[in-house]
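Please find one structure pasted underneath; my questions will follow.
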Amino acid sequence: MADSLYKEIILDHYRSPRNKGRLDPADYSHEDVNPLCGDEIVLDLRVKDGIVSEVAFEGRGCAISQAATSILTEMIEGRTVEEVKALTKDDLLEELSVPISPARMKCALLGLKCLKAGIYGVGHMHDDDL
Amino acid sequence: MVSSTTRQTATDLDVAAIRADFPVLNQEVRPGAERLSFLDSAASSQKPASVIETLDDYYRRYNANIHRGVYQLSEEATQRYEAARHLVADFINAPSARECIFVRNTTEAINLVAHSWGRRNVNAGDVVVLTVMEHHSNLVPWQLLAEEQGAELAFVRMTPEGRLDLDHLDTLLTREPKLVAFSHVSNALGTIHDAVEITRRAKVAGATVLIDGAQSVPHLPVDVQSLGCDFLAFSGHKMLGPMGSGVLWGRRELLEAMPPFMGGGSMIRKVELSGSTWADVPAKFEAGTPAVGDAIGLGAAVEYLSELGMDRVQAHEHGLAGYAFARLGEVPELTIHGPKMTEGRAAVFSFSLGDVHPHDVAAILDSENIAVRAGHHCCQPLMRELGDVATTRASFYVYNDHDDINRLVAGLGRVRQIFGSA
Amino acid sequence: MVSSTTRQTATDLDVAAIRADFPVLNQEVRPGAERLSFLDSAASSQKPASVIETLDDYYRRYNANIHRGVYQLSEEATQRYEAARHLVADFINAPSARECIFVRNTTEAINLVAHSWGRRNVNAGDVVVLTVMEHHSNLVPWQLLAEEQGAELAFVRMTPEGRLDLDHLDTLLTREPKLVAFSHVSNALGTIHDAVEITRRAKVAGATVLIDGAQSVPHLPVDVQSLGCDFLAFSGHKMLGPMGSGVLWGRRELLEAMPPFMGGGSMIRKVELSGSTWADVPAKFEAGTPAVGDAIGLGAAVEYLSELGMDRVQAHEHGLAGYAFARLGEVPELTIHGPKMTEGRAAVFSFSLGDVHPHDVAAILDSENIAVRAGHHCCQPLMRELGDVATTRASFYVYNDHDDINRLVAGLGRVRQIFGSA
Amino acid sequence: MADSLYKEIILDHYRSPRNKGRLDPADYSHEDVNPLCGDEIVLDLRVKDGIVSEVAFEGRGCAISQAATSILTEMIEGRTVEEVKALTKDDLLEELSVPISPARMKCALLGLKCLKAGIYGVGHMHDDDL
């Protein structure tokens, strides 16, 4: 299980996260925390002409949450806001391509929760609504 | 986990097959004596082997604290705990499983609402409408709240037949109560109230509606969406589930707006020494380590009942009620309290036998292996309405049949014999 | 019900024999894999067969609602439920079993005190003293109370070593707090606080004292009379008992003076529509149908622990702590949080492994069948003190031995290998 | 069990309770209720020269509670207050001479609780203190 979970894609994104940092100013910005472990992520977005022009995230957390958020930022850059809204958790999980157990699901989805809550302008998103 | 006995084909419940699923009912309570007639399911039901085995399996295989452990036992426990929540939600047709909070029993469910929703929404001078037939668990929490907030309680009267006086409800509703709380089925009289109509009128008057489903969810198909209520409280242990299991269902908007009831582990989002924020529902209302096994066991109970089919459970009990009416009617000096017809009535019979005290009735029945309950059934105000301190109560469930009623009637004859009224 | 394996002769616990009593530990978690090293007992312990069988026996033989039924099942259930209360009382040397209230867990116990005692005794401007090391369950209830009553919380600091700063306690005590509430043993750092001394100072200052015994009662001999405290809260499920079992002990005078927490069945003396009076303690605080089987199961757990002997349990864990210190010290980049010595320390180890996140540590250990916990351990403020969001925690109990520690150390090596720091 | 519990002594005292009624005025008077079933008993006492000169009780309840209280009144009439204080629940149970199960204990002891609470002038007595 450890071998299947900690594949190179995860370890690579964890060690060298893409789009790490903050954007100031940002068009959309959201921070969320995984109440089970206290991991925090803040995700910033710039949108130009309806297209995600820049994205950045900061935070600390496990390899899964950091890698998943890093991968997520790559997925959305250059996409339209509509495309980003249509993004589902299954899309992200597919991109991750490692088996995420229910207990780690919250880790894997934390970045996506920030993204969705930010872009919809709601205070907080529930896993089930992703 | 439900026993494989096929019951699907028959319209009626196969009581013999069902009884075989309940270990308590298949033991010798006293050597050489007749089998146990358990007629106290309204207090707490017996549990089928599938529920007992679910508990056993939990403790032998995957016992662990949930929501926290990144290890296999904990993952399985968490998944099954949440699966039980979904089973419960489907059982009462809740729009979302997140609206179902696991609690110990109906009492805790109602206290949760009284503390959390109540202290925020019921203020000085506000009116809360209850009925004179409530179980103490749907009365005392509101008394405590009313005293604390300076609110007022008003009680829907009952008709001489033991039904709620809906005209009186209308009168009370003109006072624009904040809350109307009532039991769906009376545990003392067996009356099935017209919960849809009561809820409808209460909602029109702008009240929030809590239904005490302790005696309905185990016995009838209950659908929170067609009831239209805001909260539904019920006890898992009265519906074949483990002791220590119960549920509060509430509308999501209400639950989300409510402050926490108990504070502690698992119900928080972020804690600082200076203050905290709360987790999403249902976690917000499940502080501390839950009774994980009991919740999973309740899931198994719901599966068992669903397999029987709640329509058939209701029909079965309706049949028993009819037979009980007929047979109890033959016992001299016996008075049945509550509605004198089987329509709108559950298979719960509170009665008086001449002037023999219910404790004595119950003790003598016990010596014949018939378990009934004697007392005020946590309905002292109602008992006062009936002009009595206590009654004897026989309540029926899926594992009871005509034979139980025959034995009850014979036992009551023995009581009359001992007390010299025969 | 305790297994007949003789352990009386040896001074040390016979861990192999003990482990044989725990079904969870004797299963194949993953086919062909090594046995389970369960190192998360601080979250919830595993249960011996005697406890599981007690539950099973309850449900198969004498399940019934208690205190009410005049029939044999209910009489047996009531007797055993009350016998469990006596077992628990003896276990903590309570002056009277009536001072022991069955609750779901430590969290409910503390919330009970906060609601019932707190709202009556803690008023605007009053001070409540806690510590920076509290579990959320001994922090959030007081935050909720303080906000409601306009009271103030003050926190005893900790020393760099992870002990409480008793000088700071003295400073805070000059503010004449109404309550001092602290955990006997820290679930995150393993520190065993000097509960006798803290209590003594707090009492001299006129405070009421609540001890969170969630991590002490399962692991050390705890005697409420020699502690001198007013309340002790603990969880049955952390001391081999069923999930859903916990206890609040309180001094009788205090409990008797306190208003009820939850209202409902069984906690009343007399109910009228216009108001009610309350039953004696402990019934006053046990509203509704209790988790009867779980309480009886807790009694069996207490019997199991008593047979082992709490002195020997403590000695065993002390030995494990020493070995764990030595072995974990060999792991490069591993930092143990909390006291750096075994004196005044329980067998609970929170640690960081380089910059590998605890979730990743735990997940990799899980793949080797080693169950540890990763997270903030419901101690977010303490984590902030440590400058960390989360740690990995290994906690030990009666069924653990050196081999578990060896496997943990090997597993940590594997983590370092995967994360490329080896 | 029914046969051993409902012996003639119980049924006789139940049907023809001794000392039924109220005393007005009384030197000691106490009312108590069995919270499990709602049974109520009020017991009045007159004491002359340290001796129980008259006793009476009223209330409703099961055969056990009524018979036990009736028997209790017979036990204490003419006794000194000290003797009455020294009376234990075992003394009463012995006099009852039928097997009282735990569930019925509260019934059997209700009258004694009234007596003790009245004579000690306390609001309420717990079973364990009898």
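Just so it is clear, A, B, C and D label the chains in written order, and each chain counts residues from 1 on its own.
The rule is short, and it goes like this: contacts are C-beta pairs under 8 Å (C-beta built on N, C-alpha and C of every residue); 3 or more make two chains touch, one makes a residue touch a chain.
Just so it is clear, the model here is predicted, and its values are computed rather than measured.
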Whole-Å gap separating chain A and chain D, where each centre is the average of the chain's CA atoms: 74
Length of the line joining the C-alpha centres of chain C and chain D, rounded to whole Å: 44
Rounded Å distance between chain B and chain D, as computed from the means of their C-alpha atoms: 37
Inter-chain centre distance, chain B versus chain C - centres from mean C-alpha coordinates, in Å: 31
Overlap residues in chain B, where contacts from two or more other chains coincide: 68-70, 74, 268, 270, 359, 363, 366, 374-375, 380
Per-residue overlap in chain A, given as positions that touch at least 2 other chains: 36, 38, 104
Overall pattern in which the protein chains touch one another (line/ring/star/complete/other): other
Pairs of chains, among all present, that meet the touch criterion: A-B, A-C, B-C, B-D, C-D
Footprint of chain A on chain C - complex, ascending: 357-360, 363-364, 366-368, 374-376, 380, 383, 389-390, 414, 418-420
Contacting residues of chain D [partner chain C, same complex]: 33, 35-36, 38, 101-104, 124, 126, 128
Interface residues, chain C side, partner chain B - complex: 23-24, 27, 29-30, 36, 38, 40, 43-44, 46-47, 51-52, 55-56, 59-65, 68-74, 104-108, 110-111, 114-115, 132, 135-137, 139-141, 143-144, 147, 153, 155, 235, 237, 242-244, 259-268, 270-273, 275-276, 287-294, 359, 362-363, 365-366, 369-375, 378, 380-381, 384
Complex contact set, residues of chain C against chain D: 67-70, 74-75, 78-79, 96, 98, 268-270, 279-280, 283
Chain A - residues contacting chain C, complex: 1-3, 5-6, 11, 15, 36-40, 60-65, 104, 107
